[in-house]
Amino acid sequence: MKKYAYYELSVIQYILLIHGTQVGIGVLTIPRELAEQAGTDGWISLFIGWAAAVLVSLVTTNMMKRYPDKTIIDIFHLLLGKYLGKVATILMAMYFAIASIVFIANTTAIINVWILSQTPAYIIVALFAIPAYMVVQGGMRVIGRYSELVFYLTLWMPLVLATALKDAHWLHLLPLIKEGWMPILTASQTTILSFLGFEMAYFVYPFLQKKQYASIGIVVANTLTLLVYLYITIICFAFFCPDEIVEYVWPTLNLWKVIEYRFLERIDIIFLAFYLFILSTTALPYLYFTVFSTSQLFNSRDHRKHLWVLLTLITVMAWVYTPSFIDLKKMTQTWSYAGLIFAYLLPLLAWGPIWLSKRAGGKEA
Amino acid sequence: MAMRGWLRRKKTSVKDRLSHSGEPVRVREISDQLSENIAELNAIFTLTPDLVIRTFDSRHAGGKVTLVYLTGLVDKNSINNNVLRPLLSHREGESSSIFDLLSVGKVTVVYDFQTVENDILKGSSVLFIEGRKEALVVETNGWPQRALEDPQLEASLKGAHQGFVETDSQNIALIRRYIPNRELKIKEIWVGERGDTKLSIMFLADVVNPEVLQELEDRLGRIKVDSILNTGELEEYIEDNPYSPFPQFITTERPDTTASHLLQGKIAVVVDRSPSVMIAPVSFASFFQNVDDYSIRWPVASFIRLLRYLAFIVATFLPAIYIALISFNYEVIPLDLILSIGESREKVPFPPLLEALLMELTLEMLRESGIRLPAPIGQTVGIVGGIVIGQAVVQAGIVSNIMVIVVAFTAIASFIIPNYDMSSAVRLIRFVMMVLAAMFGIVGIVVGLMALIGHLISLQSLGVPYGSPLAPVRFSDWKDLFVRLPLWKMLERPTGARTVQEKRQGDNQPEGDAK
Amino acid sequence: MKRFTQIILSFVLIVMLTGCTDRLNLEDATLSLMVGIDLNEKNELLFYMTSPVFSREAKEKTEEYGVRASSTRESRMGFDEIVTALTVSGKIQLIVLGKRLLQHPDWFRLLDVVFRDAKFTVNARMVMLDGSLNELFEYKPKDKPRLALHLTKLIDTANKRNLTVKTRAQEFHRQMFEKGMTPHISELKKTKHAVRVMGTALLTKKGVYAGLIEPRDTVLLQMLLHGKQGEISITLPVKGPTDQNPIIKDRVSFFIKGVKKKVKTTYRDGTFHFDVQVSLRVSISERLFPFNMEKDYKKLEQMIAKQFHKDYAQLIKKCQEAKTDPFGFGLYARAYEYKEWKKVQDDWPAAFAKATVQIKPEVSIKGNGVVK
């Protein structure tokens, strides 16, 4: 039984969907997070994070390859039975729900600090619910197209950012590995988490048209993300002095603030407004897979009702409770731990049993 | 009314039609008595003074003959020369069959009054013959028509100067002139209970995607209405998303545009009595293309293309951006500019949103008033509008200079979009964006843009993605998207319409160094 | 129909939401273009502000006020009490600091709001005024545009000719936080008829005023900091072959066409050594003494190089004595001698004062103008 029309994503959409999910708020904060732990050597840790992410993504795709037509939820049901499968699905839905809520809360907080400082948070959330509904109601196909289009639409950003390079001080990056490898390894904890998003492969894999490119695609997606992070981190390190960068919560935005043209000033406002596009490519897949999981749970074909309910819930939540910046930090931590479990640990643990069960099944047949 | 019971169904293609009365339909056969037939006709066509019933003796028929037609819908010359004259004048040695005497192309034999009635209403004349239980339907159609003219709405610089008219056979002929190929097939569908409009679906059988064609046929078949008066009406019944502000089909009055779309593997629907042809499936990008693009040099055409997309952005967002910048994010404007904006606004008593709405609405009114006025009065509107907008409003201190510039620029930009439906859609979206901008500044605009993109990429035209080739991205089609590359580079048909046959042309290498 | 209701509903929802709380129409805003901070005789903080007035009826197109307050944000309240509309800080072009304020360390904390409030611009130029801020803000020259615009332009153009530095707030923040250098900002002085660019004010690590670098020397500083930026024109005294003329002195002027800098950093004998190779490509623009260029251009190159060497040595000595390092040699120390740097990083200016800096200019004359 096919509940959803699979085989809808092209390889490029697959790559950019995963890449879009990975690149989000991390870009705004990662230079500071790395500098806090590893000084200006932090960019080296990105490679460690990348390697870990690529490794786990490959394991994930390998796992999904065993069941080319099934999402992780179907696999849960298959392996754990109906009852446990449902529990696993609920957990999955909760993970995605937490991810989307934390993400939206963070985004709203940034908007509240940088652009609309007087507007209440729930109004901003309600505002974003409209485009979110319009895109997510179309399902995987539209989300795939959206991620792809947004990627091309935001290609101007790195080019504009390069104008900040004229004030760069490359000496900041020297000497390499100044404090030894330990801080770099510590910082890689952060970087591992900033690659979160490849767990989309659990769901996206069955939608992919050409499965033979799944592994290559996910490596490309991770590498693209690495390049984005590397670019932004190195520019920030070269621009801000190492003692100063840790002062900024969102150093990337401070970087944009400096850029000025004859016809346009304060590019950070425009950048941040347009950055909402990039943020949306993270939020929308998470939202979609939340309602995808719940609608599978209730065996309903139409995810739109669930989406409607979820978005209303999030808006109401934002109305009832606006998290402070400390709460946000804690929430983000929770998400990170959940991500560590769901994205990194789960495939590593599940791969063995799945591999074995498939082999056993193969022998019986 | 008695007539009602006689409204009935000939075409089998439209199955369950609306029944205007609950009575079972009687099928009246044609009688062999002329008088009975005439009585029957008079019963059908009550209060129809334009019905002509002429009874005369014809030796060929060996008795009395009755000719019936609606005057005005027939070609009088044809009736006189090809029907009446051969029947009235008799010469020795001629064939005595009445069928052979009629010097008209299409003559059919019918047996019941349903058909007779329909054919009379459509401009044929019917010949009843004494003693025969049949009638001859002679094609003498000749209703009032206008001559071929330059297309009004889609003027072209270098393209052809023939536009469609209100007769579908003429329109089909115009299209066939461009594609004299046996693969150009036509399927006819009748739609409408009372109006009974003939739709001719034209397509290239070896290029078009059969699924898309089937989808279109199904949708047309499902329409149950009184009458389709216009192509625009037809569109509304078969659109994928009726709530969208965007046109999901192209209507054109240009045969060459139609032919070009047909060659791209799209389907054209010629609606009888309507001077525009509907084309489906279409994508967002095709509203920015124009026949002239292909007849001027490609670098110029590319430049104009880019200009159109820029115009689209300007026409949609410029007033919104102005509002956002003036009431939220003035940090973004360079100092010198903001000082001059501030100075120009120092007399203006309204907030920016009101100022912008005022001007935009004035402009829309001017535009609407100009359309339907006769040309001499239309000019007056232009002058009055120009003076009102340009000078008086600013001098009176109601709006600022900068606002006038913004509005004028927006108006010009919206005129550049070559498709009227698309530029109307833009007008509507502009207001939504302005309200969003007035409430949330630049964030509002971005959210609006996001929603716009979300809408455009989930929209479909006949099940084919509307955003193609932008979303889903099909790079091979980008040769004819933002720029127009030389024609000899476009070897394949665009994938937008999901054509079966991909190859469009052979390897046409240009002469000379360009190899 | 359901779809339709949904669309209507969501639209009504947006319109109903009073999202306008952030809106501040341009006419309701007082754009402060220049702010000033100073101390009065009683060591109370004074804040000044000037902003354009958009009104048909106002005769004067700017307004300027000074208030007493304890912090920058608090001063906004004071301004809002007086000025036409609501003060906004997104377009500040200049932050002017009084000399009295700069006598006190840690005044930098007053600028916290500039970096904390996202609406604040960080592109304001940092300026020190030698004199009373009151006098400057009251100054309304008839032949100049609005004072803030005039001063902005003054600093920007002076910086183009390298007569002063252009330190924007963001850059100043960096200079304050960067352990390997000390901050430097533009210095202005209000004279009787005009505002004059005095050169570059040297500040210590704590922000205390430590001395002035004159425009002549600022050029040298700028060349070390940024290489060739803008137009660099230098006039040097050179000992010509002829006898000294009491009025027409032996001077040579030239444009710098290109600067290449190479810094060699070493640490030995307990001090840092910086060997700076500066190769300059110059084009003569003025020469006040007869000289056979075709034959002796090498000689002239050496003479110029020698003069440069002398000037640089003087400049560096001055900075070292003032316990400042506007050149950012600390960056080189950190990049190439990290171990030693770590020991002194918290008091780099002191370490720099002990360091040896050798500037070795190499001049090559590329052009000689249109006469021989």
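Annotations
Which chain is which? They are A, B and C, in the order written, and residues in each are numbered from 1.
The rule is short, and it goes like this: a residue touches a chain if its C-beta (ideal position, glycine included) is under 8 Å from a C-beta of that chain, and two chains touch if they have at least 3 such contacts.
Quick caveat: nothing in here was measured; it's all calculated off a predicted structure.
Relative to the centroid of every protein C-alpha atom shown, the closest chain centre, again from C-alpha atoms, is found for A. Sorting all chain pairs by how many C-beta pairs they have in contact places A-B at the top. As a whole-number value, the distance joining the C-alpha centres of chain A and chain B reads 46 Å. Look at where the CA atoms of chain B average out and do the same for chain C: the two points lie 65 Å apart. The centroid of the Cα atoms in chain A and the matching centroid in chain C are 41 Å apart. Residues of chain C in contact with two or more other chains: 14, 17, 19, 22, 90, 119, 121.
Contact with two or more other chains is made by residues 328, 331, 335, 440-441, 444 of chain B.
For chain A, residues touching at least two other chains, in rising order: 115-116, 119, 127, 130, 265-266. On the side of chain A, the complex with chain B involves touching residues 10, 12-13, 111, 115-116, 119, 124, 127-128, 130-131, 134-135, 137-138, 142, 144-146, 148-150, 152, 261-267, 269-270, 273-274, 276-277, 280.
The touching residues of chain B, when paired with chain A in their complex, are 328-329, 331-335, 337, 440-447, 450-451, 453-455, 457-458, 465, 467, 470-473.
Residues 3-4, 7, 14-15, 17, 19-20, 22-27, 29, 31, 33, 52, 54-56, 88, 90-91, 93, 119, 121, 149, 152 of chain C are the ones that touch chain B when the two sit in their complex. The touching residues of chain A, counted against chain C in their complex, run 113-120, 123, 126-127, 130, 167, 169, 171-172, 174-175, 178, 240-241, 243-244, 247, 253-254, 257-258, 260, 265-266, 268.
Those residues of chain C that touch chain A in the complex are listed here as 10, 13-14, 17-19, 21-22, 90, 115, 118-119, 121-123, 168, 170-171, 173-174, 177-180, 328, 331-332, 334-336, 338.
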